[in-house]
Every structure is written in structure tokens, then in C-alpha cells.
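What follows is a set of structures to go through.
The following pair of complexes shares a single chain, chain A, combined with chain B in the former and chain C in the latter.
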Partner chain A sequence: MLVFAISDKGGTGRSVTSSNIVYRRALQGQDVCYLDFDFGSPTVGAIFRVSGAARGTLKGGLHRYLEGEIAEPTRIDVWVESDRDALRSKPPGAGQMVLFPGDEGGAEFPTFEGEMVERCVRLFAKLQEQFDLVMVDLSAGRSHAALLALAATARLPKIPCRWLVFHRWTRQHILAADGLVTGTHGLLDAGEAHGHHRALLADRIRFVRTAVLDPGAAELDGLRDTQKTWLSEFDRELRELASRHGVGRTSMLGKVPLDPVLQWREQLITDEDVQGTMIANVETVVAFDELAKKIVDDAAWEGL
Partner chain B sequence: MKLQPRQQLLEIWSAAVRASLRDKNKDWHWGGRHGSNSISDAEQLLCFMYPASELPEFRLDTPDATSDDVLDSLTQLGDSVEIPKRLLALIDQYLVSYTDTDGRPIFAGGSYFLSLESGEEITPQQRALDVVDSYSMSITLMLGTLGFLKVFRSSVRREELHQKISDLEVRASNRLSAAMVGLLRSFTVNVFEPGSSQGKALLRTANQTKVHERRIQEELQKSLSEVRAGLRDLTIGSGAQVELDNPNLLFECGWAWGIVQNAPEVVTDLQVGIQPKGVAPENPFLYFTVNALVGLVDLWSERTRVLGLLNDDQQQLANALQRRWDITQNYWRTIATFGKGRWPLEDIPWRTTDGKESDYYSLGVTAMVVQYLVRSRAGDVDLGRVAGVLEELAKSARITRRPVATDRSAVALHHPGVKVTLVGSEELGPQLVWQVSDFAITLLKRTIWVASIAQSTRTRERLHSLADQIWDHIEERRFFRLPLKGLWDDASNVYAEVSESQSEVSWYFTERVVEFLVTIALTSRESPLRSQQLVDLTGELLAEAEHLLNREQVIRPRQPGQRAQSSITTVAAGLTRARAIMSERPASALALINEALLELDRLAAARENASEAM
Partner chain C sequence: MLIMGEVRTGLLQNSAEVPESDLSSVLGLLAGERVRISRRPILHALSPDLLTGVDCLLPSAAQAKIRGVGTVVSRCSITGGRVVQSSSYVRVTKAETGHRLPWSHYLARPGVIEVLGKAAAADLADGFLAFGLPGEHLDVGSISDRLMDTVQAAESLDRASPFRSTQTRLRWVAASGEPGVRFVLGEGVERRVRITYEGEFSTAVLDLCEDLALHDWLLTTLLVIVERARIGAAPRAEVSARLAPAVDALLHLWMPGARIHPSLAPLWESLELAPGFTRQWQSLVERVRDQFAVNTLALLLRETNPV
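Coming up: the complex of A and B.
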């Protein structure tokens, strides 16, 4: 299955969340891979702590593959090449976890032509056969990467594909997430232009809320009562706003609570982080785990 | 009030889900203490549907807006998307179970019917008899369902779900029509001679000041002339063909326990199926009359009108019912508050014309008096009298007084309950009775109802403290062991005389508790009662405070960066806020003004002190 991660605004935690979903899915025993299509800033290696690809690879990554300079983009086996001890050895029962980094110094494509779509289609088709889950991390906003993905998937109607739109739980982000999907030149418009069926594409899009502050969470016990009251009232208003803009709970796949660790360092959260050093919250891992299951669960995508 | 309705309702929801999904494979389990029937199952569903349709915070029809704690309490049913779908399936099951093969909706009392002599086998024909309780409960449930479907539809995109909703809408609407027709055919007027036993009983009830019987009869006839005229004008349904022209005859009106004998068929284009023959004699029953009056109100509630839940033909039936509602309500409150001295209502226990006496009947009559007082914006003198009756009932029913071993009749009110003999049912088998055990919760509902319209704080306080005591009693009657924990009703917790401990939930009782909590939640949303005096006082204080603030701002030299400036800013902000909320919450405004005045006085005192020492 192809899963595209996209967001309207930067700083939503799109990359870190989708990386963690991939990681959880691998732990659940599936073969997964992660494609860094954030061409303007190919830094996803840092999240997996692969030092050779922290700012993209020098050995020929996705940029050069798509431009036709190399026949195969570099693959990094995270279980082998990660610097993090906790990721270094594949836990028993876990699936493969492979990273496809961008090129160091690579930039956003100014445009894309038919050849490039062709190469992209070939890549997706091949990876779909090799992996259970192919996560493609697109950059923020309406990018050429997103258009490329839409064009490629339109030519692969048989391959199941889903879109995750990441947004934070704020007024601006809610409006932006809706705009990214339904606005002019949004995903649906662009998808239709590239040959997608609008309603079918809409069924394949779900939202993921990130860094959500739960007004009832135990960590907020230290807040003043006035702050808590304000939070829960504002939360209610945001819910109303979200449902008016089609970003409500029925079109949401899941939400990830605010975790201090992720605020300061984009990283995979391992069970060691939760149970051993206890630097991360267990709720965060539960949320990732659930997303990793829901992403492939047809019932969760059925909707109303 | 100690009650936290939101918390309580959520607890009941999760308890009700737990009790309903007891089976191993987590299938829905219908029925409770007296098995499953058209009423009990409706009550079970209403435990969910009623809060969901009445309270915005509990809505399940817009999955996007449901709040998280509500979802948490229903988590066993699924997530926000699955819950409404599950409800659709349950409503579907209910409608299938209670529709006959020929398409006629079933309103049978079923397992709620008991035989007068225990051990006698109730015949299937008897079990299939329609009961007014079922009509009344169905009206509430179907209106809740129709509203739910109407709103839920807008969140749905998938075609098959749309079709399912449309299909359910048609069937729910048919059941609603059939329930209305049923109520139109079980209304009755009973005419009798003043000298008959019924006539004597009625005159005795009305004659609290012990005047001459002849005079009381004349006065009673006079005050009932409006009701009499109204009854003469009735058209469709039963109770319309009665001979009321003889002004010497007395009468009573209301609902029988089921469809009355010889009830004419209601002519309508609505799909209501075959209209069965009735067996109930043409005598109104106080219990069923109150039950019908309470259920019918939903037909002309604001929600029903705003959402447009009735079609034109149904509206016509609703109008016919509303006329009966008005007349009946008028009749009973005239009798209950008749005369210049003590009200017949205050003569506890109430005696019905067939010679039955019970505190339960007194409680029933209060419903109609309160309904009248609500509509007539009654003064607190009248409300105080009703409050007295309610207090008296709570005492004699051993709710606010300790139960004593000798007082078995008081305990029997709660368990097993008052037995109402269903006259006419014996033609098809053994004599049937209807068992009513909701005394405590009904008393609480009335108490809160009266409290919500009381103008004076004293009457209100008095009723609230009564309500608190009754609620304590009711809470004790909850089950406190799994799997029924948090549901009702186990009277043996409270009364030592009740030996057998219950092992099944009473949806009958639980649903009434839910209704009560919803009422509480609705009233606490309204703005608080304000006294004009308080508003005036606040206004004057505010005027002084604002004047002082202005002076302070004129005198004070501008000193940038000083903290004193900020205290003036705080005062000004406080007063602005006070002015904004003054008309709605004068007491809160007063508190703000007090704080501002204190601060202003501190500054003034400091200044005076400085000039003294010069």
C-alpha cells in the first residue's frame, strides 16, 4: 500500500509522525519503507539517526533517480545503519525497515516532466511489490512533489493508496488543512486534473492531528483552573470549526498527543524511551501504534 | 443541589452499555427485570437516545462534535463513527421486533403484564394487548429517533447509509403515527350520576370545606363547564360520542389502560395498519392519564417543531391529541385545586372514583397541577402548597423518614409497587394487573419541576433540599455490584423488609432516572434567577465605583512605568466586565464591583493619609 504524508504548513510534525508510524508498522511485523519526497529539505535520515543521510545522501538518492541520473536510488536498511542502539538490531518478529533518502544538497524540482512521472510510477510499482507499506513523505504545502505523486498514482489505479494530511490543532492549521484538500489547486483539484476521480480520491484522504493538547490529560494538572477552563472551551470551539471545514472526527484517522520529547527532538520513540528512561509518554506510543494499524485497516477508512 | 448531571449521565451510559453487552460475544442483550417487551426495550434505548436528543453535549448524531468524555463512556460500542451506526442497527432491530408480519406496529405490554393471582397463566392474546404506556414511550422514542436520523443524515456521505436512514425514517414515522392513533383510541370520558358510588367519591374529594352537597355539586358543574364544552367538540377518536348534554350528570376524562371497547377507527391516510378492537372499559385511569399527558408533550415541543418531525397528517392527529391534553389537564387540575379552603390535592392520599386510595395517585395529580402552574406562571403561594404536598408524600412514602417495620404499605409503594387492575382484560384470561414502582423518581421529577419555576429563593431552597434527600434515597437503590453496577433498581438496599435482592436491571426505573437527569441538565443551562432588587443595588454600586474611578483618573498624575497605574487598569477592567454581565448575573457583577471599590478606597485612604501629615 502507498501512503502519502502531506501537510499545508510546516512544523506540523508530519515527518516525525509518519516516521514513527512506519517504525511501529515494522515492529508489528510488516515490511515497510520510507521515501523522503521532501525534496527541498531531505533530512529524514536524522529522525532515523542514520548519520550517512542526516541531510540526504551523497551516494545517489531520490533526486538523482527521478532526474534519470541513476538507475536505482540508494536504500538504507535502518536496522543495520542507524546510530541508535535501540534501532541497531532488528527485534524478533519485526519486518524490514528501509529508508530512501533524498540527495544531499538536492532542491525542490522547479517542474516535472513526463519522464520523471514515468520513473516515479516504476518506483512505486516496484516498491509496492517488495513492501507491505510504502510511506512517501511529501513536503509542506502545494509542492511539485505532491503533483508528481498525484500524477503517478493516477497511472497506478490498481495499487491501493491513501493520503494523510497532517495538521496541528489550531485555528490556522485546521483552515489550512481543509484548504490543502478542498481549496483551489488543492489535492482534489489537482488530483482531478491528473485524472483521479474526485469522490474516490476524497475517500482516500484522512487527517491526522499532531501535538494535540488534551485538556483532560494528567500532565496539565499543574495548570491554573482558568487555563484549563479556557482550554476545554477552546477545544470545543476548535471541534466545531473542524467539523464545519470537513476536518472533523469523521474524517480524522487519529491524533497524536503533545509530547515534550518530540517538541525538541524529532526522533523515533522506542519502547525503551517509554518504559526505560521514561522520557516519552506512553500515550504517544499508543497513538502511533494505533495509527499504524488504522492506516491499513479498511474498516477505519470506511467512514460514514 | 448536589447533583452533577453530566457526570451521572455518563456513568449511567457506560453502566447501561456494560449491562447491555453482557453476553460473551458482546451482542446486544435486550430486556431487563421483566424480560423484553415493546416498553422495556424502548426504555432501554431511551437511556441512550433521550440524553442524546435533548442535550447538545450528549449528541451522537454529529460524530464530529461529540466530546471525548462522552465517547469514552460509550467506548464499548465503538468509536464516534461506529456509535451512530450501532444505534441505527439497534433502532432497526427494535422496529423489526415490534412490527407485526402484516406491517402493523406492535404496542403490546407483553411481559410487563402480571396476573392478579400469582401462578395463573397469562394467555398469548392478553400479552398481545396494547398499553398506553407503550404508546407514550414510543412517541418519545420515535421523535428522538426521527430527530437523530435527520441530523445524522448530514454527516453521511455513503449512499447505502443514506438509504438505510431513509428506510428507518419511514418505519419510525409509521410507528409514531400508529402510537398517536392508539392514544386517540384509548381516550375516554366516563359519565355518572351524582348519587352513584363514583359520583359520591368525586364529590367527597371536591368537598374539602364540607359545604352542602347540593352547593358543591353546582359549583363543581360550573367550574367544569369549559371542560364539558371542550369534550362536546371532540371529533376523531374515542371519547367523542359521549352524552354530556344532561347538566346534572358528573363525569371524568382521561386515558384508559389500552384501547377502549367500541373505540371507532381513526380515518387517516397514514400507514398505521389494522386498528385492533379494544377491551378496556370506558373508565379513565389516573396512572395512564398522567403517563399519556407526560409523553404527549414531546409532540409539540420546540425540538419537534424546529426539526419539522411531523408531516401534515400527523400534525392533524397531534392537534386532536393536544385538545384532549388541554381538556384532561384542565379537568384534573380543576378537581385537584377545587374550593376555597384546602385543596383536594392536599387531602392525601388521593381517592379515585372507583374507591382506590394511594399516595401514588396524589403524586399523579400533582403532575397535572404543576403542568397548569407552569403554564399559568403561578405565584409562589400556590407553589408553596404543592411543595408542602411533595414533602408530605416524601415523608409518608418513607423516603425522607426512616422506614418502620410496621409500615408495610409505604414500602410496597416502592417494591413491588402499586398494582393497577386492568379491568376488561379478564375476558381473555386471568385478571391482569399493571405494576408501577416509579414513585420515588417521579416524586423527584415533580420536585425539581416545581423548583425550576419557583420565584422565591425560599421555596426554591426548600424544594432543592427535598430533592437532595430524595436523590440520596434513589442513589442508594442503585446496584453496586457488577455487571449491573450503576443501574437501578434494588430497593432491598434501602428497605430491610424487601427480602429478595434483585438480579436484573429495571430499565423502567433507570430510564426515568435518565429523564430526570436530563431535566436537571436542561434547567441548569438557563441563566440564574435574578431579583430586581439585586439588579438595582448593583447598578447604584456600579455608578459610585465608576464615578470614583473617573476621579482617580483625573487626579492621578501620569507616571509611566509605575505599578499603581496597573491597579487602576485592573479596576477599570473589572468595572467594564461588571457592566457587561450586570443584567444577566447581578451577584457576580456585585462581587467584581466590591473588589474595585476596595482598591479605589485604598488609594483614596493613602492620599488622605498623606495630606494629614503635611
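Coming up: the complex of A and C.
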């Protein structure tokens, strides 16, 4: 299955959340891969802690593959090449976890042509053959990478594909996420222009809320009652706003709580971070784990 | 004369075994030419040969700049309606002149690449088997790869294969001499084969390489499925569910040497001694079968002694 991670705004937590979902899915025993289609600022190597690809690779990554300069993009086996001890050996029963980095010094495509779509189609088809989950991290906003993905998937109707729109839990982010999907030149408009059926494409899009502060969370016990009341009231207003804009509960696949570790650093949260050093919250891991299951759970994707 | 080629092997992207009646359309890469189908001892379909013109540098272990011009021959096959292989190879010879001739000259010699200048067969062979970066030199692998993609994209395939799997890449070099074969398993998906044969080169050598690649892929794929099933660690029903696709799709495809010319049979036999493909396959298959037997027994016991 192909899954595209997109967001309207930058810095929403798209890369960190989708990377953690991929990691959880691998631990659940599935073969997964992660494609960094954020050509302007490839960062995925840093999240998986692969030093050779922290800012993209120099050995020929996705950007150069799509440009037609190389026959195959570089792949990195995270279980072998990560610098983090906790990631450097595949737990028994876990699936493959492979990164396809962007290129160091790459840039957003100013435009894209037919040959590039053709190469993208071949790549997606081949990865579908090998991996249960192919996660593609697109850049923020209405990028050419997103258009390329829409054009390529329109030509692969037999391969299941899904879209995750990441947004933070604020007024501006909710409006922006809705706009990215339904606004002019949004995903649905662009999808239709590239040959997708509008309603079918809409069924394949779900929202993921990131860094959400739950008004009932134990960490907030220190707050004054007036502050708690204000938070709850505000949260309720946001929920109403979200559901008016089609970003509400029914179209939401999941939410990830605000996590202290992720607040400070872009990384994968391992079980060691939760149970050993106890720096990360167990709720965060549970959220990633559930998202990893829901992405492929057809019940969560029935027509709205 | 040196012959070098690459075989890519993978699972055909279809939920069910592809029936004989569909094989021709799946392999119909060249309009007008017939797909050859044989039914015994196993269903096997072979596409017509395709030619690709090349004028490029040849791989060289010594990093020498060796230019070659000519054509690469490629073909695709499907075994048992399940496994697809795409194979490309060239015969390297020395050109009679030091400059490039009109294309008609090369088209009259399908599958031959003529070296303009000096080249040593051993240097070429070592360079080729080193699997250099794709794109820099003659890359028969990416020609095979493209062909494979075309087949997998065939209209009649549903792209919903019963399990995920990885393609393998087997590179081989062949030269005439005292008959022998050496197989080297690489770290990832790469395999290297050196063959020496008696007499003239014939496509029987190619058949042998494809058969070898097929069985190496079967073994590689079954090993991954068995490892992933976590026998003994995961619940019985889960183990069975993970092994089931292998039983359905792969176990009956094992027939080493079935499609090999008798003159090359001794080469397969030597590979059975070391590394011993069939020995390893048999022990894996027994593990899979035992697992099913144990699970069935457990189910029966539960039925007769309900708790």
C-alpha cells in the first residue's frame, strides 16, 4: 500500500509522525519503506539517525532518480545502517525497514514532465511488490512533489493508496488542512486534473492531529481551575470548527499527544525511551502504534 | 569470447497463478512474435528475444575506459504462472576496426558487442561481477529491470500478489574451457556466477543461469517467509497464516535442472554438492510441513478433548 504524508503548513510534525508510524509498522512485522519526497529539505536521515544521509544522500537519491540521472535510487537499510544502537538490530519477527533518502543539495522541482511521472510510476509499482507499506513524505503545501504523486497514482489504479493530512490542533492549522484538501488547487482539484475520481480520492484522505495537548492530561494537574476551564472550552470550540470544515472526528485517523522528547528533538521513539530511560510518554507510542494499524485497517477507511 | 548477463527474478504481481491462456498476453512485449509455452515438467512461458542497441563504456575492474558498440539480447519468462524472470546478455568480441560502423553492421550480429580498442576478458568479467553503480557502464541489469516492469504492468495482472517479496539479481559470466560453475551468494540481493562450458556458446548456458536464478530466488524467498513466521515464538495459528502463501505459491515449483540441456546437467549436479540448493530447500520444506502437521494435530486434539 502507498501512503502519502502531506500538510499545508511546514513544521506540523509530518515527518516525525510518519517516520514513527513506519517504525511501528515494521515492529508489527510488516516490510516498510520510507521515501523522502521533501526535495527542498530532506531530513529523514536525521530522524532515523543515519549519518550518511542526515541532509539527504550524496550517492544518488530520489531526486536524481526522478530526474533520470540514475537508474535506481539509493536505499538504506535502517536496521543495519542507523547510528542508534536501539535501531541497529532487527528485533525477531520485525519487517524490513528501508529508507529512500533525497539528495543533499536537491531542490523542489520547478515543474515536472511526463518522463518523470513514468519513473515515479515504475518506482511505486516496484516498491509495492516488495513492501507492505510504502510511506512517502511530501513537502508542505501545494508542491510539485504532491502533483507528481497524484499523477503517478492516477496511473496505478490497482495499487491501494491513501493520503494522510497532518495538522496541529490550532484554529489556523485546522482551516489550512481543510484548504489543502478542498480549496482551489487543493488535493481534490489537482487530483481530478490528473485523472483521479474526485469522490474516490476524497475517501482516501484522512487527517492526523499532531502535538495535541489533551485538556484532561495528568501533566496539566498543576494548572489553575480557570486555566483548565479555558482549555476545555477552547478545545470544544476547535472541535466544532474542525467538524464544520470536514476535519472532524469522522475524517480523523488519529491524534498524537504533545510529547516532551519530540518537542526537543526529531526522532523515533523506541520502547527503551518509554520503559528504560522513561524520557518519552507511553501515550505517544500507543498513538503511533494505533495509527500504524489504522492506516491499513479498511474499517477506518470506509466511505464517509 | 566472453559472455556476460544478468537475470532478475521476482514474484509475478497477481493474486492467483496466471493460467496458460493469459501467459501470451502478459509476455506479449513484441507484437507479431510468438510466446513459446511448454507444459512439462512445469508450465513455462518464454517471450521472444528483444534487442537493445548500446554504445557505451564496458565495466572494467582496472577502471580502464573500454568502449563497446552493439546490441543486448533480452527475454522474459514465467514459470508455474508465478515467477517472472527477465534476462539480458551480450557476447563481447573484438571489433575489426577501431571506429564505430553503421548500425546495420551491429543489427546483423544480435547480442554481440564489439570492443573498440583493447580489452582483457578477465578484466571485463571482474568489472562486471563487481556490480558497479548503475548507469555508468553497460548496464544489462537495468535493461532487464525495465522489461520486468513492463511485464508486471500487464493489463491482465491485478498487482495483488499473495505476499511481498524481493527481486534477486544474478550476474553471470561465461567463457569456453574445462566445464565448471561457481556460485557466490552476495550480501543483499546480488549473486555472482562464473561458468565455463565446452564447445560453442549456445543459449543452453543462458537456460542454466535462469534455472539457477529461479531456484536461488525460491530458496531466498522461502527462507524469509520461514524466518518471519517465527516458528515456536508466535501463536500457532499466526505461524500457519504466515506460512500458507508459501505453501500455496512456491513449494511445487522446485525442479532444479528440469529445463537444462543434458550436456550441462553435470554443472547443476556440482552445485547440488556445494552449496547444495536442494538439501537446504528440503530441510526448509520439511519445517514448513511439520509446522502444518503439528497445527492440524493441535486443532484435532482440541476438538476431541474440548476444554
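One rule holds in what follows: the second predicted complex is superposed on the first by the 302 of 304 C-alpha atoms of A that agree within 3 Å, B and C clash if a C-alpha of one lies under 4 Å from a C-alpha of the other, contacts with A are read in each partner's own complex, and residues count from 1 in each chain.
Throughout what follows, contacts are C-beta pairs under 8 Å (C-beta built on N, C-alpha and C of every residue); 3 or more make two chains touch, one makes a residue touch a chain.
Small disclaimer: the values here were computed from a predicted structure and weren't measured.
Aligning the two structures on chain A places chain B and chain C next to each other without any clash. Once chain A of one complex is fitted onto chain A of the other, the partner contacts of A:G60 are limited to chain C, with no touch recorded for chain B.
In the superposed model, A:A86 lies in contact with neither chain B nor chain C. By the document's definition of touching, neither partner reaches A:L175: not chain B, not chain C. In the superposition on chain A, A:L231 makes contact with neither chain B nor chain C. In the superposed model, A:F131 lies in contact with chain C only, and not with chain B.
Legend: residue contacts after superposition of the two complexes on their common chain; A:V261 is shown touching neither chain B nor chain C. For the superposed model, the angle subtended at the Cα centre of chain A by chain B and chain C works out to 130 degrees in steps of 10. When the shared chain is aligned, chain B comes close enough to touch A:A242, but chain C does not.
Here chain B and chain C are compared by how many residues of chain A each touches, and C touches more. Overlay on chain A (Cα): least separation between chain B and chain C is 16 Å. When the two complexes are laid over each other on chain A, chain A has no residue in contact with both chain B and chain C. Residues 10-11, 13, 133-135, 139, 141-142, 145, 149, 152-153, 158-161, 164-167, 228, 230, 233-234 of chain C touch chain A in their complex. Taken together, the chain A residues at the contact with chain B in this complex read 214, 216, 236, 239-240, 242-243, 248-250, 302-304.
The touching residues of chain B, when paired with chain A in their complex, are 62-69, 80-81, 84-85, 155-158, 161. Considering their complex, residues 29, 31, 60, 69-72, 92-93, 95, 122, 125-126, 128-132, 156, 158-159 of chain A touch chain C.
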